[in-house]
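Chain naming follows the written order as A, B, C and D, and within any one chain the residues start at number 1.
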């Protein structure tokens, strides 16, 4: 049997661990051959492959990124894309695919499976916002990096009269902010699921200063003010990419706090630092087990499935189910943590 | 309501995070008062208490150890111990207890609960060998420390012709060895659940050298040779504590490999480094949530329970159930990982 | 003998290590008594003291910040300030002072020494821009934190087509940017000593993309464009503190690169993360030795001096000399590193 | 010009950083060509070479070990070795050599230089025991790893009644033990330069327990008891390599303390963990600058020299001088630190 492997979407620590586990078990236990497709779905679409075997996966376990490259190419947006993929798979003699990626990459996998391509999925999202699995790999690494930054900021919070705003990843879901804030002992956590009232944030800031400690505020990049919440000072302009470059939400909140409370405020923007570099033990373990089980699903002919963590076990769920729904922070979970926030 | 808190057994990163969460939520949400008992069950037994409130738990989240001290005192082994505890609780005006500890500490809690003491338990074992919960706090920290050591040893394994043996914690269960070995890319993992054959280990060592890389062997402190397996070289002597001081299992295996294969071998013994210092984000999050839910159980009057992680949720299980059975590495899980070992 | 100790200026990992060493040696070797002054020169000015002895310095070695607090109070800007200090020192029975701080704090110490106050100085600047000493403590910690961030960003640089701009500390001197950039393998380093031409930076960015790697640019917060260099897109506005809040130099450069090259660009702003938390071994060693030698200088009656590192030795230099001149990155040192930049 | 590069002796974080800097500057500034010799002096002796250019040094800066391999081969112990080397260099068209290594490797370089080989040396010893230079690379990494272990052990020292003995590297010189012990706040440091009296160590242990903290003892692997100091309990046996396998000095001291004081004692043996893995910022900076200056020395034709750190500057010293004398911890430096030890 000849198995193709690809990785799609954004960087996520653990991708290489999945690839390594798929190949090691595939070769040693099932006697499979492997071929790598470059840059996500672009690889099978354009027929760009790379050698993949025991030698290629040696030493990659602790490394960030993906040896197969990645992209956001969607073959369903390319005319005749699906046929091209089928033709390229046939030409390369590929019997089955292991696709590692997030909502978009697995969404493509789901549709291809329905169209008869033998594919098994491994979920990947650093934001941990996939309802099918308890946790996704990459998330634990991101949370630890953010937590270590918050740990260091406590020194300043204790000694100085500065408000510190830490902006972390999370466009739609506040998991990184919630976990890092909880683990780091932050005083306020603002997440996309719960629009914030800047006035109440500022009230808290002033309250906090009475206790001699300056507040540390953790904010998801996707957090938004409540409707009508005035964030007028720091509007910024759109740049060439449509970014409001001079005003990530962290920076905007810091500016607003200064303006309203007169307390000096600084933003820390960790950005891509959270998604690069070596994975934590948890992420390496989870990614490795996802890989081991994905190739077993291939061996079983159990296509159209993806791997999921349930408790300490890896289970197979239908691909469709896995990509259907975002897992958001519930009001209860947010409230539970709020005993520390303020 | 007045709640007593105690921590028992060995060190485990996250104990302070539990205490902090219990107190913060107890005070802020339920309006409880708290009192700390010193050194595990010794505290209530001898009536040694310490102040415990918001001020005492400030800043302890990232710190290893326990601000309440610990011991292995068992009141059931002291004549009249239970009566003394009841009297001391009454005198201190304590309505309920939160007991944080492992098998022994919670075993006492279980019996006391049956004797009418209102107690809620929080499980603690760095070895992760508790069947009631998916994971225990402290484990993730230990695994990360061991993994980082293995990461560094790969440099030597690549450049030199030395066998490296890493001894990690785990008296009865091989979880730390298995996870750290898997995350670190070790070549052999030896665990208590599966007695090892030193001859086969040496065969592997010689095989491995043919591929130009020296092997890294991870071994649980509780791993044992198969019956009849000759480990005669390195017998050691018992010291004053009954330790076979000059022959932890790691050191003994290293000696045996040298003797049999003629390959230079070195042992790394991480010891208490694995259980001290600041917890990882996962352990802080888990410990914090255990604490938040434990005090809610107190508020609900749901005594005789202990907290457990199931998936990403915290649930309450009967104390008795939580301490009944060791969770061991199953043959299937060990086999699954073995695709990397050798 | 009774010795007062104070710390002034901004946070710097290692301050507590100095205090601990001063007190330990002072008590154990010289039999001195100690008293702490709170918040830099504000302490002696307003007579705010705190107990300081072996008990107070226990466990503080690994901790960031300063147990004595800090401020930027300058008694020479307060009418009658010097007399007040002399009176307060006399009243507290203080025979000598150890002042730990940067240019401003030691500048005050220098003048007080000329006015007859018995003071010994310990230099502190995270920016490493003091000409009297080979290195200052805090600098190594900051460089390591910045380097670790850059290490992680390489993952993204390898996989994606994004320009990454890392803004690090350094208002007047580029030491942190230069060392972190060199240690992290950055592709461009921009420092205050060498005004940069944004056009040339963009040329390099485009050149770099041809080699399939995206560039990582490290920039000191105090870096400035060459005169006439157009940075018009991202002007920002002054906020309440006179900060150009929406346009730290890192963010501004990222915006300008996007605008000019059409390549997506992101800024990472580490901010106070660089100056908080536990110090590295080098900083603990240097701070400890500064402290040990400072109290020996007090014991010798060698006042008006400050400690300096020369090679691996601690020497005493006149206070005046120590604070006279900024140590900047020379054109030769910058050129030497440039073999990696581009 | 065609330059050969080799690395000899034991692992040391920073070797790859030197190679990278030599090649980058050599190619970009001087237009040199490079060739790598494998496994130290074995490479030129046996004519084993490997390609070395910009492509080969990409991405190696953060990696431990050496891409060129290493060995302890001494061509002066091989009949006709020197002639063979000269012949192989001539055949490979090599005009000059950069030799990176410790006492032995540079000792060979020194003799070859006298015999007319054009060679420049870069010193390497993780033990920091070279008198010609203020610091060597690798040392800072080792000290940080040992310090982090000690940091974690403090948790146990605070909570329990166990003596912890940490064995660190250092056969002849106690620099790692001294710096790590000082930075980690150890209570006793035992170094090769100062034979220890186990009786006094035990006295201290008992004294320390009165203060409620258990002691942490750091010991160099090369530390020895004073003559007549009885260490009879834990004699161990020699194994096949002549190692006293069951009795590294750390383990032996732990056993002796248990026997004499009745206090439970544990040893932590970090071993090769200290010399593997990614280098610290200081070591990357120092190694990089050594490399930059070594190739400049080649360009200048300044052969027979080696690089040394003096203050913050890199200087050239005669090879002979650099390898002449061990730099040991002086009695004064040891005494200075002793204010913390007990």
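FYI, a contact is a pair of C-beta atoms (placed from the backbone, for glycine too) under 8 Å apart; a residue touches a chain by one contact, two chains touch by 3 or more.
Chain identities (UniProt): A, B, C, D = Pyrophosphate--fructose 6-phosphate 1-phosphotransferase.
Since we're looking at a predicted model, the values are computed, not measured.
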Most distant chain from chain D, judged by the mean position of its C-alpha atoms: A
B-D compared against A-B, more contacting pairs: B-D
CA centroid of chain B to CA centroid of chain C, Å: 40
Inter-chain centre distance, chain B versus chain D - centres from mean C-alpha coordinates, in Å: 35
Separation of mean Cα positions, chain B and chain A [Å, integer]: 30
Residues within chain A bordering two or more other chains: 151, 154
All chain pairs that touch each other: A-B, A-C, B-D, C-D
Chain C residues touching chain A - in the complex, by the definition given at the top: 11, 13, 63-66, 69-70, 145, 149, 151-156, 158-160, 162, 164, 233-234, 236, 239-241, 243, 245-247, 251-252, 254-255, 258-259, 262, 264, 266-273, 275-277
Complex contact set, residues of chain C against chain D: 21, 24-25, 28-29, 59, 61-62, 134-135, 140, 143-144, 147, 151, 154, 179-180, 182-185, 278, 280-282, 284-285, 288-289, 292, 310-312, 336, 339-340
